[in-house]
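Just so it is clear, A, B and C label the chains in written order, and each chain counts residues from 1 on its own.
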Amino acid sequence: MRVITMRVITKRVIAETGAVAALMLFASLMGVAQQSHIGNLVGNAKSGKALYQRYCIFCHGANGDGNGDSAPYIDPKPRDFTKATYKCRSTPSGSLPLDSDLYDTITRGVHASGMPSWRPLLRQERADLVAYVKSFSSRFQEEPAVAAVSLPPQTPTSPESVKRGGELFRSMNCWLCHGNDGRGNGPSASSLTDSKGYALKPFDLSSGTTLKCGDSDQGILRDLITGLDGTPMPSFSSALKPDQMWDLVHYLATLREAAKHHTAVAAVEPKSE
Amino acid sequence: MKVKYVAFALAAFLGALVAGDWLPRVVPVAADSASVSVSGVVKFQGAVLPPTKIDMSTDPNCMKAHPSPGTTEDVVVGANGVLEDAVVYVSGGLEGHAFTPPAEPVVLEQKGCTYKPHVIALQANQKLNVVNGDSTTHNIHPSPANNREWNMTQPPGVPLEESFAREEIAIPVKCNIHPWMRGYVAVFKHPFFAVTGKDGSFELKNLPAGNYTVTVWHGKLGTQSQQVTVAAGQPAKLDFVFKQ
Amino acid sequence: MTPEQSGVGYKSVSKIISIIRGGLENMSKQFGFASVNGMGALLLLAVVMTAVSPARAIPAFARKYGLPCSACHEAWPMLNNFGQTFKDNGYQLGNGRDAPIDQRPEYWPIAFRLTPQWHRESNSRMAVDQVPGNGGSGQVETSVTRYGFDTSFIDLLTAGTLSKNISFFVQPFIGTGGTFLSQAWVRFDNLAQSRWLNLKVGKFVLDEPISQERVLTLSNIGGEYYNYFFTPPGDHNFNGIGGSQLGAELSGHSQNDYTRYAVATFSQYPSQTFNVYAHITQAFEIPRLGLQRAGVFGYLGEAPTYFQTSGGAVINGAGLGNRSYYRAGAYGMWYVGKFDFETLYQHGQDNVFLGNSVPANQPGSLPLGAAGPSWNGGFVEAHYLQSPRLVLIGRYELVRMSRQASPQFPTDAGNLDTWTAGYRWYPIMNPRAGLAWVQEFSRILNAGQAPLTGRNGINSSLLMGFDFDF
């Protein structure tokens, strides 16, 4: 056994202090190698990077800031991953998305935008892409994980529910952007911009087109609770009770039906108070 | 044996951080004879465009609250050229200090379909109470560059409490439903800031003695900075003039 | 000698160098891969005949959607699963932006491809006149070598959607043989809102097991899949899976395209023949390795053996004496990380009359011991995809006659063995256009095909050139 001399101790202390310091500095700068967890899948950012360069880079840019070569010719603009502000989430407004939210968006695509459905990619590939996309923003390391919002159980539709929903469509001022028939032509519609300042239109609720974050009733309800961050569509989590949200969802369904069958919508007339 | 060395190295490293002032110290903010204030007036020299009238007719409830049309608040200049809604704050000289935010919230009110005040300032992680005193639903939507972006609908009378974690001067806030509603939220790491009122005056209270950079920010006119040395017992005076 | 000193050609050489340099910069930007020296890789010399390979990388789609070539293509023109799904969906991404009305008015769905090249070809046993220019001087078998620059064909491609769920593809081919329509079809996609029902009508390439449209090689020798075009000695039935057919195809696929089927009926001649082709395939994931695919296919056709005539001249299309032939096989596409292998097996058989080119109304003209020729063949093709911008290719293909049409043919007549190796490097690959630098070498051994001696013929080809796709 070697005799430990003072010199040796000092050298070792210096070496290990340096190593620990470097490691701490490095860890704080780089963060843990980014991973994603979706169900049983574990994605890693290193594999995701190669996939990103094959599939995503021309729209979303080498720095993930949405400034790819194709971006000037695309409307709406590709997502800026460095801000970590996402439309389609299961988390409260202002919060980071879940890994599964990003995975679902990659799989589903975003309708009426340049983002295609990447379902033909392997599930592992999509999970790897989620990990790499997260690595563009340090928020995923700095902010604590947020739980998904709970979706209240669906209430049955009824003429009364639809009527209440119509009144809420009025009192919550949905009509100011979405218009009286939900066609996206409300008085404030032309002034709307996304958080980058690009003009965008409110969704035409009467069109029957696929909604950007998914079409199911649960999906629409979730949109009401979480809001679509980065757009003028706010969260109604502080504004409406669960029953009221379902009333609104039932009313929105009638807007789609009305357009499909060309029937007159039970138009909610402006009330003067 | 190895563990001991690593632990010693870690302790030495952290000790060095603290001793070398790399970890922030918490400085209690208390009025004492050694702390003074910096005060002054912010003025504007030049031609001011008359404010544009706002058309609130899209929402009958806003019309009712504004029998005469409201006006935009981009550059509000009072008598003698005093500038309202300028944010004056210490931008340099406080390095290495950390400040806990006060427990009392700051209140931003939506009244008459406008933001009152037009420009509000608070500390990072200080509570912001948003109040809807109107009879119509608003949504409150900050567009930060350095903070999380959120967007909440607020019906009349429903309370809403938020906060911002990082310093940002200043975050534009808008209501998407009522597109003329525009305001600013300035968020600071420290308590040494003030927003000028109708008289254009400001006072930064309880500053410890030292050298500081004081900056004024205005939503449309930009920023200006000045150096000031604050000595114990000698309040400093500082004026800013925006020229057009 | 530097480009500056060489004088003539300096501008073009420096232009090529700057393209490649720009491509290298792009490549290191996109893939951090800056260590390939394209010019330095000129070790393989390639000889090429003008290729008749159908071109299927369509930058018009890249322009339409802002996606790079690499999104749909492993290494263009080879499709990956995303691109194959896009194609099976009727050239639609399904994000509400597919129909022409959704495009900017200045978007025009046109692309073109051409492959200017330098090639060298060598045929080991050709029959040449002993005295050049004197047809009566008798012939000898000798090897003939030809080389030089070539411009190749121009493939114009226009493809996309005419409206939602109606897709089209028109491909005029402009080559040394003339200009004609390689493909021209319309497809009604997602009938009854189902992705399992798509109807294609027109002139189209069959939904081949390993599509010749994704072939990465350009040379005429070893550039295509011989098995798709093989015709045994003595047989003039030049039909097979390769080439465009005129007919209708019903196809379908699962949502992620793992399961696919296609059934086509078509006529080889504008006459009373009945031909049918079917193909079914299933893909499956192997964790950590990638997506694997296997499938089976079959082709049953008939061809006339003689025609009605009038005044001794054939009435075009009035075929008689139809006799049948078939092809059938199985294949797989196997992925192991950056490597992938394609394996194909095909069995073919032609009727005895077709095999001996004898009209069916003259059975007496059949040689003694005539039989319907049958053969087995296949290939193994391997790729190494270093990055979406560099792919190495190697292929071995063979055909073995199992029964000759006539005893007069040696048992191995018609057998062939082909080796092909090459690489493609893509300095430019963006949503507007693409450029590849290609080098290939191929060698084919044709058993018993030497024209005079009946010995084995060995042909080889060396190709080097650009594959330009706009």
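We adopt the following convention: contacts are C-beta pairs under 8 Å (C-beta built on N, C-alpha and C of every residue); 3 or more make two chains touch, one makes a residue touch a chain.
What you see is a predicted model; the values in this text were computed from it and never measured.
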Task = Give the chain pair that accounts for the most C-beta pairs in contact.
result = A-B
Inquiry  = Report the chain whose CA-based centre is farthest from the CA-based centre of chain C.
reply    = B
Task = Indicate the whole-number Å distance between the mean C-alpha point of chain A and the mean C-alpha point of chain C.
result = 43
Inquiry  = Centroid of chain A to centroid of chain B, CA atoms only: how many Å?
reply    = 29
Remark   = Distance between the CA centroids of chain B and chain C (whole Å) is 68
Remark   = Interface with chain B, chain A side, in the complex: residues 9, 12-13, 16-17, 19-21, 24, 83, 85, 92-95, 139, 143, 171-173, 176-177, 187-188, 191-192, 195, 227, 229-240, 270, 272-273
Query = In their complex, what parts of chain A are in touch with chain C?
reply = 50, 53-55, 57-59, 62, 68-71, 73-74, 109-124, 209-210
Inquiry  = Considering only the defined contacts, which chain C positions touch chain A in the complex?
reply    = 29-31, 65-68, 70-71, 81-82, 84-85, 93-97, 104, 255-257, 285, 287, 290-291, 388, 430-431
Remark   = Touching chain A in the complex, chain B uses residues 5-6, 8-10, 12-13, 58-61, 64, 135-141, 143, 148-155, 158-160, 176-179
